[in-house]
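Below are two complexes that have subunit A in common, paired first with subunit B and then with subunit C.
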Partner chain A sequence: MVRRHTISVLVENQHGVLARIAGLFAARGFNIDSLTVGRTKDDTLSRMTIVVLADDETLEQIVKQLDRLVTTVRVEDYVGQDIVERELILLKVQPEPEKRNEVFQIVEIFRGKVVDLNPRNLVIEITGSEGKLAAIIEALKPYNVQELARSGKIAMARGKTLRDPL
Partner chain B sequence: MVRRHTISVLVENQHGVLARIAGLFAARGFNIDSLTVGRTKDDTLSRMTIVVLADDETLEQIVKQLDRLVTTVRVEDYVGQDIVERELILLKVQPEPEKRNEVFQIVEIFRGKVVDLNPRNLVIEITGSEGKLAAIIEALKPYNVQELARSGKIAMARGKTLRDPL
Partner chain C sequence: MISASEKSLMKGADIVVDSLVREGTEIIFGYPGGASMEIHQAITRVEEKGARLRLVLVRHEQGGGFAAQGYARATGKPGVVLTTSGPGATNLVTPVADAMMDSVPIICITGQVPTAMIGRDAFQETDVTGVTRPITKHAFLVKSLDDLPVVIHDAFKLAVSGRPGPVVVDIPKDVQQSVDAPPGEITRSLFRKSLSPPDPPEEALKKVAEAIAAAHKPVLYVGGGAVASGAAEEIRALVEKCRIPVAQTLLGLGVVPGSHPLFYGMLGMHGSVASNYAVHHADLLLAFGVRFDDRVTGKLDEFCKHGTIVHIDIDASELNKNKRADIGIVADLKESLKRLLPMLQEKNHDRWIEELDGVRRDKPFHIPDMGEKITPQAVLSLLNQRLTSETIVTTGVGQHQMFAAQFLTFEEPRRWLTSGGLGTMGFGLPAAMGAQLARPEATVINIDGDGSFQMNIQELATCYSDRIPVKSLILNNQHLGMVAQWEDRFYGANRAHTYIGDPEADGPYPDFVAIAQGYRIPGRRVTKLEEVADALDEMLAAKTAFVLDVITPYQEHVLPMIPSGKTFRDLIYR
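== the complex of A and B ==
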């Protein structure tokens, strides 16, 4: 079955780890939807979240390959699990001056924040699920979207307590 | 001068682009602080934000190399520019039951959100600058942090309007 998988990988901070992991996906011709890599509580480790559209069998093989890398501490495919998923976006919009108020209303409805404002344009910060973010991007389209930066998804299993806290 | 650079790269969605770019940094022995890659308004393009500690001269060479890749549409080093920078984190904490209220107070002070709650633990969502996130992580340390997922930084220049809207 081809579906969207969210994979969390805990890796050691060593040169080339990211290149090697990205290479595993590239070698199979997968197009990565989003990828984030950032630090953890432990300075020697980084946590990656990778979202990829893939068939279950091929992905299982990649997960096994990831697990075999000496730099991999833990890898988990969240498919079918109950998880919290969130993404952050920044949007720069440049509405006509008389339409600024409409933009502020949209931002309020979606519980976003205006994080920069100047005579020409404004920058909006918002977090949410994929659906919510798609909805605000759509709602802001008539207001001259100049720039969009997405963090990519981060995710965490609900409830479950890890054996090894990170 | 060695300092932290935030680089924004707009790339074509092709297999192996991420692996190639990560490889450029790995070849120079750079340790990437954070990296995010996500979609843009244009389905054929992705935007990457890379944060790396590097000396200016070496980084300038990498930026030039990035710019020469046929898959690169635009690359920009934000160093010295006035930018909005934000990161998203999810934190799972498992406080003693009688200390849950203290956790809720901290979340409120930092304007975070509790996005999951069950008898064992809770998941907190928060966005902000590096300093703010470091402060809340520190404040939550006494409450048994189980898991931490960071999106990595995303960034956008203030005010400036792009020639080619994305």
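== the complex of A and C ==
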């Protein structure tokens, strides 16, 4: 059964490391839903959070193939784990002037922020889990959404630490 | 004026060579160009100082890559090849991809345009690390001289650790030209990952021992991983202790001696009937150092359908990749078997062995009688009588390769060097050169096809210039025989660009003996069966390289054959 999985990969922050991982997914025909990458508290390490669509067998291969790269320090598949996951989105909407207040209310309900406001449109920032983001996008649809940008998901396990095994 | 402090500095190119020597490099296969000539200059400087380092000038970078592979496959030590940037490096792509597929440790040093010019489409610039990234264990771009000695040290460690493979080190020209203090002992690595394989878990080994104890029809399926791990001794001990029949893959040949009564031949598409029968009927398959390649398994669901599968491999990603293992162990094979052997009771499987002996007797590899015409099978049988346990054989790719795998017997690992996974034509001659330089005392024979031979024929010049006495035996049928065989079987014998002889005249084309002579290498052509024995003796007695052109009929098919994606039940025997 194909499901959405979140994988966290700790990698050496070196030349070509992102290309290697992106290339691996392309070469082996794995599907990436989203990929985020950024430095960790250790400057020499980056963390990639990759959301993939895969069945169990493919997921096993993805994890093993990622782990096979020398630049990979650790791979964690978050399936079945208690994790915190967040994604940030920016939405630009252009409601009818008389409906601006409705938009403000929706943003408040979802605990978002209006980060830009001008006579033509407004930009909304909101973070949350996949479900929450889907809900606000749906809620704002009637208000003339002009642009949408997503950061991709980042995640962390509650309690235990994903780190350098050495 | 050179100041005292400048005097003690070393150029990057000298650091490259110094690092290679430190890692134990004795031979570099190379072809110079603008971006690598600094390193070639540095090599002449160490040669002058009497270092045991030899640069073998190949005639094409692909030849250099395969020569490095031949060296590595014959010894297990990394082979080293040096090329310039751009086309020099892209010519290495095929041997690198080949080394990745067959897990061969090679180090490819490539020159690169100066760092300031990278990304500006400079003359002979290619993004070499980008091109080779998916076909290497790792590809380094050395941007600073500081990292150079560490990178080379890491490259050698990586190439041979775990599952071996190719590593590319791309070095911009300004890094080669800049100077630094001589490197001291290397104590750091660019990676924090441990390169040592995990220990085999005791529990899993116990389960394997129980499975072996319970089996009535066990079969060993042994591959290239057993060669890489150096596990021949342990596998042989297992075969003796528990009397388990053995099927070996194309890359596993020689792990269990070819003459061993419990060895039933190569398995897979062109394997023996007995080996394929054994796997098909097995109740336990001991898959050691293998990757369930499609040329071995055919239709995956049907492969060893009724057997319990034990899979031991050093590469975790091989487990459950193509076929699910009932018992999977990620560990070094030699280490696993060392621990497994004491857990086993002596055993016998007389009835099973008798059954397989019967199949082998009834359905051996067949040598057709074609009168005075020379069949490939007949030549190889005659050659086989002349092999010693030290003889090394390389091949091209195609019918001649499969015939050789069927008809030659190898008593030791690392005597049979062939391009398995990638299936690269043109592998044979340069790989033979590398093997010969690694094993100067051994006889090294390249068994080639007329198609494959022409793909790296220029290396005859290297054989001549560097006095590398490899023998090339060409099974010359004027066709791309394996493709022609598929045309015969599956395309109504319609020839679609598989004839490579002279379209105008009859008679063999090209004249390989004349070409060899052009390279100042002796040769002989034979067309009749009765001449073959004498010609083989002449070839083997030659002190130099030698080209023996054997004219064979193109109608011969490699059989048995299990068509692609089919099962043992679809096997074509005659």
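Here is the rule we use: the second predicted complex is superposed on the first by the 159 of 166 C-alpha atoms of A that agree within 3 Å, B and C clash if a C-alpha of one lies under 4 Å from a C-alpha of the other, contacts with A are read in each partner's own complex, and residues count from 1 in each chain.
Please note the rule applied: a contact is a pair of C-beta atoms (placed from the backbone, for glycine too) under 8 Å apart; a residue touches a chain by one contact, two chains touch by 3 or more.
Small disclaimer: the values here were computed from a predicted structure and weren't measured.
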{"item": "Subunit B versus subunit C as contact partner of A:118, first or second or both or neither", "value": "first"}
{"item": "Partner chain(s) touched by A:71 [first = subunit B, second = subunit C, both, neither]", "value": "second"}
{"item": "Partner chain(s) touched by A:60 [first = subunit B, second = subunit C, both, neither]", "value": "second"}
{"item": "First, second, both or neither for A:1, with subunit B first and subunit C second", "value": "neither"}
{"item": "First, second, both or neither for A:19, with subunit B first and subunit C second", "value": "both"}
{"item": "Which partner reaches more residues of subunit A (counting touched residues only), subunit B or subunit C", "value": "B"}
{"item": "Doubly contacted subunit A residues - partners subunit C and subunit B", "value": "15-16, 19, 23, 165-166"}
{"item": "Subunit C residues touching subunit A - in the complex, by the definition given at the top", "value": "129-130, 133-134, 137-139, 141, 143, 158, 190-194, 315-317, 319-321"}
{"item": "Complex contact set, residues of subunit A against subunit C", "value": "12, 14-16, 19-20, 23-24, 27, 57, 60-61, 64-65, 67-73, 164-166"}
{"item": "Contacting residues of subunit B [partner subunit A, same complex]", "value": "8, 13, 15-16, 18-19, 22-23, 25-26, 29-41, 47, 49, 84, 86-90, 92, 94, 115-116, 118, 120-121, 123, 125, 127, 137, 144-152, 154-156, 158-159, 161-162, 165-166"}
